[in-house]
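Each of the next two complexes has subunit A plus one other chain: subunit B in the first, subunit C in the second.
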Partner chain A sequence: MKNSPLYKGSLNTIIMKLLEENGRMYGYEITQKVKLITNGELSITEGALYPALHKLEAEGLLDVEVERVDNRMRKYYKLTENGEKETVNRLAELEEFIRNMQTLVNNKPNPDLQF
Partner chain B sequence: MMETDKRKVSAEEIERLFRFTRQHFVEHYDLQAELADHLANAIEERWQQHPELSFEDALTAEFKKFGIFGFSDIVEKRQNALTKKYYKLLWGYFKNYLKLPQVFGSIAAVVAVYFLLGLSAYIYSALLFIVMVFSLVRLFKIKKMYHKKTQSTGRRWLLEDIIFSCGGIGPMLYLPMQLNLHLADYYLSEPIRWGLAVFIAVVVLLEYTALYILPHNAQKHLAETYPEYRLLQQ
Partner chain C sequence: MKLTPEQITEIDKALGKIGIAYLDIRCELTDHVATQLEAGGGDFEAELNRYIKENKKSLRRTNRKMFFATSAGAYAEVFKTLTRPGFLIAFIAFFGLMQLLLQFMVAENAGRIGFFIFCIVSLYLSVKYLFRAFYTRRSYSGAVGFSIFSLVILYTTLYAGDWLAESGNLAVSVYYALINTVTFAMIATSEKQYKLYKSRYV
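Now for the complex of A and B:
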């Protein structure tokens, strides 16, 4: 992940969105997918990815499957039913955040946004 | 490039990756397996660009991506996540004592302790002492049993470690004793007696769950958490 805390705060949502689109994925695959989608602009570091996956798993938002691939075990993550619902919420929240930030940064008055 | 032309990490090299994670303080098999697969994928990807690279050089380059703390941050956060899961399991079992019909047993236990405390304030200390001795003996026994098991399988699983150390139940045993120091000399009024009765019942039920029920059901929870657990136990 880029060092900016702006990206770090969205890591869980990015992971959940990818799993929603791809069904099930393993850790390395997620890092590669993010690189591919963003043309290498954004890369999730291993040190940030696994703690995020493990936390989401412990919270019951992700489920795991293990398969033997080549000569090793591969751990796949997928969304649980709760995880699917939560993905919708978090994506809506993120989109709203982006909209509000754009409004603030562009300094256009928005009657919905009051301090 | 044809799929068959791709240089793959061999079984011996996978073993080396497991050893590598152990050397970098990843003690538990669940995380070792995940990191070994990650490193193997990354090394194979690197070989696509630089097929001449040795396994060790590719490994060193990939490990650097984990930053200066290596795997330690991942290990620490995994520990936190699974400890949280442990307490969720504990709470799940504890809630059963508040449901019908078990709740009658829980109420009966509270009432019994309340009447016992009416006999003498020292009963509180005596009850705690008995609970403490039983808990410590049981904790010692299950830890020994678990140690023997890990010695024979050579594998440790983080959640199993937490279950068999009872989520760090040690400090919990001292809490009621702290209260004991302040109470021993006082006359116990009605509300205090009820409060202490509830408190003792909660401590006993929590310890019973942590020391007996969770270790007894460990296999079930481990199989749910680690799909590979059952596979490797066979």
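Now for the complex of A and C:
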């Protein structure tokens, strides 16, 4: 993950959005998907991803399925019903945040409106 | 390339060696490392050694963070368990027992019996957890023994026991009913979580 609090604060929403689109995913798959979508600009480390997944699971937003794949156990994550509702809320919140930031950043000072 | 079962075991052992003790966390990280090594190709032994050497610190940190995230969830589960009707009945039963004891003895002695029950139940919880961790080698991050919480109760009771006895019969009954109900809730949660994790990682 890029070492910026802006990205770190959005990690849970990114994970939930990906799970909403893909149904169920495992840890490594999530890291690769993010890399692919952002053309390598953003890479999530295991140190950021797995604790976030465990936290979302503990909060009851993610459900878990463990399967044996290629001689090892693989843990798949998917959204719970609560998780699906929460994803909608968090995405709306994130979109609003981005809109507000764009307004602030692109704002050209208007001399008439200055105090 | 696909890794062989022996190579997967080697990754698991390497992670165990650097301190990734909980089975569920180790399984997840083993899969992560294995998938990465499969994607990268090259000589397995050399690549695994390089990966572990480069990521030892961050893997340990990840392990700690994963453990804290999961055990926080397990503690939250204890409080959920406490809201079940069975535990309200258990609280009333313990409260009734303490009230009954107070009919026959002074608050200090009744408190000692309440504390003795707590010690026995906590000891059972700790021994069972340690047995699973060291003998069966099946220890999961989400099925913790709640030993820290038990220790907090233990020391609070040791230091506040006399003060509590002076506070009156009602305070003694409520306090010991509460700590014993919480301890039983910890046992119930620990068992439930252990069964859940065991069914996942067969």
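Just so it is clear, the second predicted complex is superposed on the first by the 107 of 115 C-alpha atoms of A that agree within 3 Å, B and C clash if a C-alpha of one lies under 4 Å from a C-alpha of the other, contacts with A are read in each partner's own complex, and residues count from 1 in each chain.
Criterion: a residue touches a chain if its C-beta (ideal position, glycine included) is under 8 Å from a C-beta of that chain, and two chains touch if they have at least 3 such contacts.
Just so we're clear, the structure is a prediction, and the values are computed from it rather than from any experiment.
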| task | With the two complexes overlaid on their shared chain, look at subunit A and say whether subunit B and subunit C clash or fit. | result | clash
| Of the partners subunit B and subunit C, which touch A:V64 in the superposed model: first, second, both, neither? | both
| query | In the superposed arrangement, does A:P5 touch subunit B (first), subunit C (second), both or neither? | reply | neither
| message | Quick check on the superposed pair: does A:T45 touch subunit B, subunit C, both, or neither? Answer first, second, both or neither. | response | both
| request: Could you tell me if A:H54 is touching subunit B, subunit C, both of them or neither one (first, second, both, neither)? | output: both
| query | Can you list the residues of subunit A that touch subunit B in one structure and subunit C in the other? | reply | 26-28, 45-47, 50-51, 54-55, 57-58, 64, 66, 69-75
| request: Name, in rising order, each residue of subunit B that touches subunit A in their complex. | output: 8-11, 14, 33-38, 40-42, 45, 65-67, 69, 73-74, 77-78, 81-82, 84-85, 88, 225-228, 231
| note | Given the complex, residues on subunit A that touch subunit B span 26-29, 32, 45-47, 50-51, 54-55, 57-58, 64-66, 69-75
| Touching residues on subunit A, where the partner in the complex is subunit C | 26-28, 45-47, 50-52, 54-55, 57-59, 64, 66, 69-75
| note | The residues of subunit C that touch subunit A in their complex are 2-5, 8, 24-25, 27-32, 34-36, 38, 58-59, 61-62, 65-66, 68-70, 72-74, 76, 141-142, 200-201
